[in-house]
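Letters A, B, C, D and E name the chains as they come in the text, with residue numbers starting at 1 for each one.
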Amino acid sequence: MGQRIDVNHENIYYGDFLAVEDVNINIEANKVTAFIGPSGCGKSTVLRTLDRMHELIPGAHVEGEVLLEGKNLYDKDVDPVSVRRDVGMVFQRPNPFPTMSIRENVLAGVRLNNKHISKSDADDLVEWALRGANLWNEVKDRLDNPGIGLSGGQQQRLCIARAVAVHPQVVLMDEPCSALDPISTLAVEDLINELKDDYTIVIVTHNMQQAARIADYTAFFNLKAVGQPGHLEYFADTTTMFNNPQNAEAERYISGRFG
Amino acid sequence: MGQRIDVNHENIYYGDFLAVEDVNINIEANKVTAFIGPSGCGKSTVLRTLDRMHELIPGAHVEGEVLLEGKNLYDKDVDPVSVRRDVGMVFQRPNPFPTMSIRENVLAGVRLNNKHISKSDADDLVEWALRGANLWNEVKDRLDNPGIGLSGGQQQRLCIARAVAVHPQVVLMDEPCSALDPISTLAVEDLINELKDDYTIVIVTHNMQQAARIADYTAFFNLKAVGQPGHLEYFADTTTMFNNPQNAEAERYISGRFG
Amino acid sequence: MSSQDKTALQPSGGKTADKVFRGVAYACGILILVVLAAVFLFLFFRAWPLIGGDQKANSETISSFTGGKVSSFWGYVLPLLFGTVLISILALIIAFFVSIGIALFISHYAPKSVATGLSYVIDLLAAIPSVIYGLWGGLILVPAIYPFWNWVANHLGWFPLFAGPAANPQRTVATVAVVLAVMVLPIITSMSRDIFLQTPTLQQEAAYGLGATKWEMIKLAVIPFGRSGIVSASMLALGRALGETMAVLMILSPSVTGYSIKILQASQSNAIASNIAAQCPEANDLGVSVLIGTGLILFLITFIVNFAARKITEKAGA
Amino acid sequence: MAEETKKKNLDGAPVIDFDKFRPTRSSEQYRKGKDMFMSGLIALAFVIACIPLISVLYTTIVNGFKRLNLNFLSYNMTGVVGGNPTPSGGYGGVLHAIIGTLEITGGAMLISIPIGIMCAVYLVEYAHGGKLAMTISLLVDVMSGIPSIVAGLFAFSMFTIVFGPGTINGFEGSVALSLLMLPTVVKSCEEMLKIVPNDLREASLALGVTKQRTITKIVLRTALPGIVSGCILAIARVIGETAPLLMTAGYIASTNVNLFAGQMTTLPVYVYQEYSKLSANCPANATADCVTTIPMERAWAAALVLIIVVLVLNLIGRLVAKVFAVKTER
Amino acid sequence: ACGDNTASTNTNSSSTDSSSKSTPISGDFQGAGATSQQAAVEAWIAGFQGTNPDAKIAYNPTGSGAGVTTFLTGATAWAGSDKALSDDDIAKSKSVCASGQAFDVPVYISPIAIVFNLKGVSDAGKHVNLDAATAAKIFDGKITTWNDPAIQDQNKDLKLPATPITVVHRSDKSGTTQNFVSYFKDQAPDAWTYDLSENWPNEVGQGAKGTSGVISTVKQADGTIGYADFSQVGDLGTAAIKVGDKYNEISAEAGSKVIEDSKLDDTAKGENRVVVKINHATEADGAYPIVLVSYDIVCPAYKDAKQGEFAKAWLTYVTSAEGQKAAQDAAGSAPLPSSLTSQITKSIEAIKTK
């Protein structure tokens, strides 16, 4: 079962620069929540605080709470490693491990965690994950070729396969389809639909049709002006967001009259 | 005025691997031509042969002709440098020069030919190009900051500004909007619309709505199977392509029933 | 393949390994400080008699090194320092441009198959020991280069650096600088080559896409990307040149004291490291202290040079 | 709507006369010329560099080949008197020096490579440019400027203090060499680790992999070929050191395989000693087998052996790098 | 150990050897010091091991100063040195030796040649005649061309060219230099005013590292002149030195003659010391006055009795006629004159072996 995330009064800083201000959002378990908004408004930034990935950027820090099933991720006794095991992530740019074959890439999460897995289990897992990412047919004959030998779209799908192969509770995706063609995009969307039975999904997307198609809830982030911090402007279930938004900015953005 | 490109019997190889087979296409001057097709079918590959950028990849080579206003780009006496000045390019991933300021990034191409360009001319050019890329308002106060300090979307718009600042005859764009939000995408689409008064535009896109919105002609590339060479499946004016395609594969792809 | 049952935020395994690894890395970082402190303290301790010892014995010892010309430590070490820096800078100047040229040749001009061979040759040359360069320089280069330096002295002698007459045999600063340049060349070359090869394709394509020629592409994308690498390679090279002992020892005709930039004349300058090697075997305890004192100065000067270089890099990077 | 946006975008935008920026024939000519000129210079740089390099190799090979034979490789210098041949029919050899070089350099590797790599890991992966890290990497730079002879004095004094005066052994040489190797290893590893894209660290950490495993299995693994080649360069930097070994490892004519006791000859020291001898004496009643020039011939032959040893080490290093990097190569 | 060049007849020769009256020495023994002795020591080690096959001896030619310093730490059994011990060293040695103080005995005498390279002269195998003052002026840069009247006058039968003279001297601290210039200091004090030192005192000409450096530099250009151990001269020209009213050419025997004509240095205080005060003013027939005397430095008693046993046996062999012959063959040195033998033997006898 997926887990819910509650973000309370979150401020995010890059050094002294307040990038995102006072975010409050409740992300439901086993639902797909989409983040939309103009470029630079902090979608990626917020997303990365949900599995403490922002901590990799020196100086980046968070105020407020992020509760995963009621437990604050930022409590002192919480190990970011275990957070990231429970909350998986797929990035904007495909980043397969260049030293590994396609197969090893998919298994990386399991193998690197020192879990021993029998060859047949590994084969099953690889096939399951690659099928889910709609990549199986293209690569099944060259699983031992390096992952970076694939085209951009193929690489991204490989990364998705790698992330889901760990069976996280929550999967964060930062524009996972921006390098994919419509076919692959559709497959990924199907995958997301399927995954939400087991996991909670948060996805950043620029493609509003995509948000409308797959998300149960949509969060619209905005930016008052350049240099100002971004903020969560409006959060609603997707139907409301796209058909009857109760927020003027959101409506302008969605109808394309923004800017 | 833009110039037309005619591709005749073009085969493209990466070393021994035939990536794209027998492409024949006539790209009209001052029109927008879109390349669509599934991932890995060779859209980027074909695009890069139109300004000989593929030559940078060791082993990549071309058979056949690419005529720019009747002159074969691959003739012995043609200098690839001048080809690339006449045929500009915008890439899939934003690639501003990391050591340069925003301003210097925009001017990089112009400076190659005009060592001494007056400050006011330079200022005008920078503003013109940045406005065209819908970036002016966001960066006008920090033109001397490094280009890589911008967000992904902003970086890509900067790269578009840099490409058009050279005022080429033809502009090739490889999924220029895949890292952009809808607002920026719209602005770029408008820019393309405007540019075609002066230039010929070729754009690779995964977003069929985009192709439908901006392209005058659309080329659909396809792949018989993985490992097989890609080829041009169907070429038509955009209205025909999206409303009444005379090709079964194209129809299936466009209606999303593909794969 | 359904999801396993997991409770939220289970403590993960490997935490101890994580901590140990971190601790070891940290300790190794600190170790650098410890080692350097040890080296410094040792040098200082051994050079202490120069400051805290019998000053009369000190000046006698220094006099014995210089044939009575100089009896103060500074009078002894400063000309040596001048010579060391002169030789190293000349070597670096000669090597720098050639190295960058070769690095670019390998990374961007030569076909891939040739480039692999060439880089291998360069790597190999980095490994040629200084004693072999000493042999080669002293026995082969010195006589071979005389006509060239003689020509330089005759035609460019108005320039103080090349003031003639050129010594024969050419056991001069100029020849030593050439040998040191050859020695440090592979260092700069192989490091900058590695960096140049790492230049992101995207940057290079961006430059080409704007209609840049190959050289313009290199100026736009490759050099800026490699700049800090080039500087750090040059620093390594300078460090090696400053500390080079055997080749200088086996080639240079040194002076006892004095400052001179007449690089084509013999017995004009000397370098600290080779001076230590030349004097140490026959030196008594106090003599060794004096030599260690000069070593300490060399140590400090490399500190200053590297510090300055680092500041330059920082500025360039900002 | 397109018209609207277009106006808005370029509202107030200056009108550009692009003809002004159009390349002129002369500027094009100039650029082309400059490009060719620079290509020429770059190729010339290569040719210029080749002259001394070829000369060094040629000299060493031609002079060294004369005495380089199995006998030279399988005997040491005991019982070699003047220019006379030894009972085995040779004129002495370098067996002891080869053993010494391999052991001493090996010792230096064992000390400095693990420390160097871990120090680089600390600098790149843990320190994030903190004050301590800045100090450390500054000091690493400084350390790379330590003259080899000072490193030798340092090791010499350390051993005399700890193990008593006059202590000379191979390991002491290893310590001196490791001091010289360490900064090279740290610097090159640091560069290599920095080049590993951050994407990969993020990807691994996002899979819930601990930092230690991310570093060892992704970062170091990805940087491995570079690290290996960096370490090879570092070894190359020290394997030919003469000055520090003269005072720490000493010189002995017989074979000593114990790194921790007794003097040890290394190849560079051997070359230097033979060069210092310059020529051997042949008494008036000597047979025709007595060779006066034998020390220089041995020096060149040993120099050639030294170069070959370096070559073999390089090959091994490269082979290792290739085996590990085999997947990225394709 | 592995790779040793042991003669197959080794055991036979040792049993037939007449000098093996005492039990053979065994163990590890180290010496360090003067580079000048290196070739001779190699021969001595080989010879010594012929009768004492279980003795492992190493000599590290680090230089005289370092050799003495090391000896004074107790790390070596003996030191080789191109100059006699200083009073300071003698005092320090008391803490190293088991009893008494260290002493030095001459073991190696080698003439120092003035070598030159001059087209038409040296390559024709001809000598140049020089007296002390002329040589001193050449090496002090006062005489700068080969056809200077001062040289030409002494070489009536040679046609000397106007080639400029390039002086080549040692750039490192060296016993050879000190022994060489002490000749000028004694015989041409007006032309050579510098203090006596192991460092070359002026900046005339070119310096080169080691004897090998000097020889190769002299070979590299026309008009060069330098000084070097006689055994390294090769085919370079050498100067004949004016002794009395004759010009004597260099040879091992000629070098030996000047020592024979020299007295012991009575300023060298300390028991058992045999320090030669070279009589540069010798007028002995056929003597060549520029020589280097190199000493072995040992203790009269060692903390480790084995070392004492070795030191005694070593010096006995080295100074014996057999040992000197070996050195002469291997290094071209001059034999110790018989005038010194009894002194040396007495000193060696003083070494306690228990």
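Definition applied: a contact is a pair of C-beta atoms (placed from the backbone, for glycine too) under 8 Å apart; a residue touches a chain by one contact, two chains touch by 3 or more.
Chain identities (UniProt): A, B = Phosphate ABC transporter ATP-binding protein; C = Phosphate transport system permease protein; D = Phosphate transport system permease protein PstA.
As the structure is a computational prediction, the values presented were derived from the model and not from experiment.
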Point to revise | Path length in steps (a step moves to a chain that is touched) from chain C to chain E | key: 1
Check your understanding: Which chain pair is joined by more contacting C-beta pairs, B-D or D-E?
Key -> D-E
Review point. Centre of all protein Cα atoms: which chain's centre is nearest to it?
Key: D
Review point. Could you state the distance in Å from the CA-based centre of chain A to that of chain C?
Key: 49
Point to revise | Between chain E and chain B, distance of the C-alpha-averaged centres to the nearest whole Å | key: 83
Revision key, fill the gap. Whole-angstrom distance, CA centroid of chain A to CA centroid of chain D, is 45
Check your understanding: Which chain A residues reach two or more other chains?
Key -> 81-83, 85-86, 93, 113-114
Study note, to complete from the structure: Touching two or more other chains in chain D are residues 31-32, 35, 208, 210-211, 213, 246-247, 275
Check your understanding: Do you know which chain C residues sit against two or more other chains?
Key -> 12, 14-15, 18, 139, 213, 216, 249-250, 277, 280
Check your understanding: In their shared complex, at which residues does chain C touch chain D?
Key -> 12, 14-15, 17-18, 20-22, 24-33, 35-36, 38-39, 42-43, 46, 97-102, 104-105, 109, 118, 120-121, 123-136, 139-141, 178, 182, 185, 187, 189-191, 194-195, 198, 213-216, 218, 229, 232, 235-236, 238-240, 242-246, 249-250, 272-273, 276-277, 280, 292, 295, 298-299, 302-303, 305-307, 309-310
Check your understanding: What does chain E use to touch chain D in their complex?
Key -> 1-9, 28, 30, 35, 38-39, 42-43, 45-47, 49, 56, 58-62, 66, 70, 73-76, 210-212, 215-216, 231-232, 234, 326, 328-332
Study note, to complete from the structure: Residue positions on chain D within touch of chain E in the complex are 74-82, 86-88, 90, 92-93, 95-96, 160, 164-168, 246-247, 250-257, 262-263, 273, 275-281, 283, 286, 292
Revision key, fill the gap. Note: in the complex, chain B contacts chain A through residues 37-40, 92-93, 134, 137-138, 151-154, 175, 178-187, 206-209, 226, 253, 256, 258-259
Revision key, fill the gap. So, in the complex, the side of chain C touching chain E is made of residues 63-68, 138-139, 142-143, 146, 167-169, 171, 249-250, 252-256, 258, 266-267, 277-285, 287-288
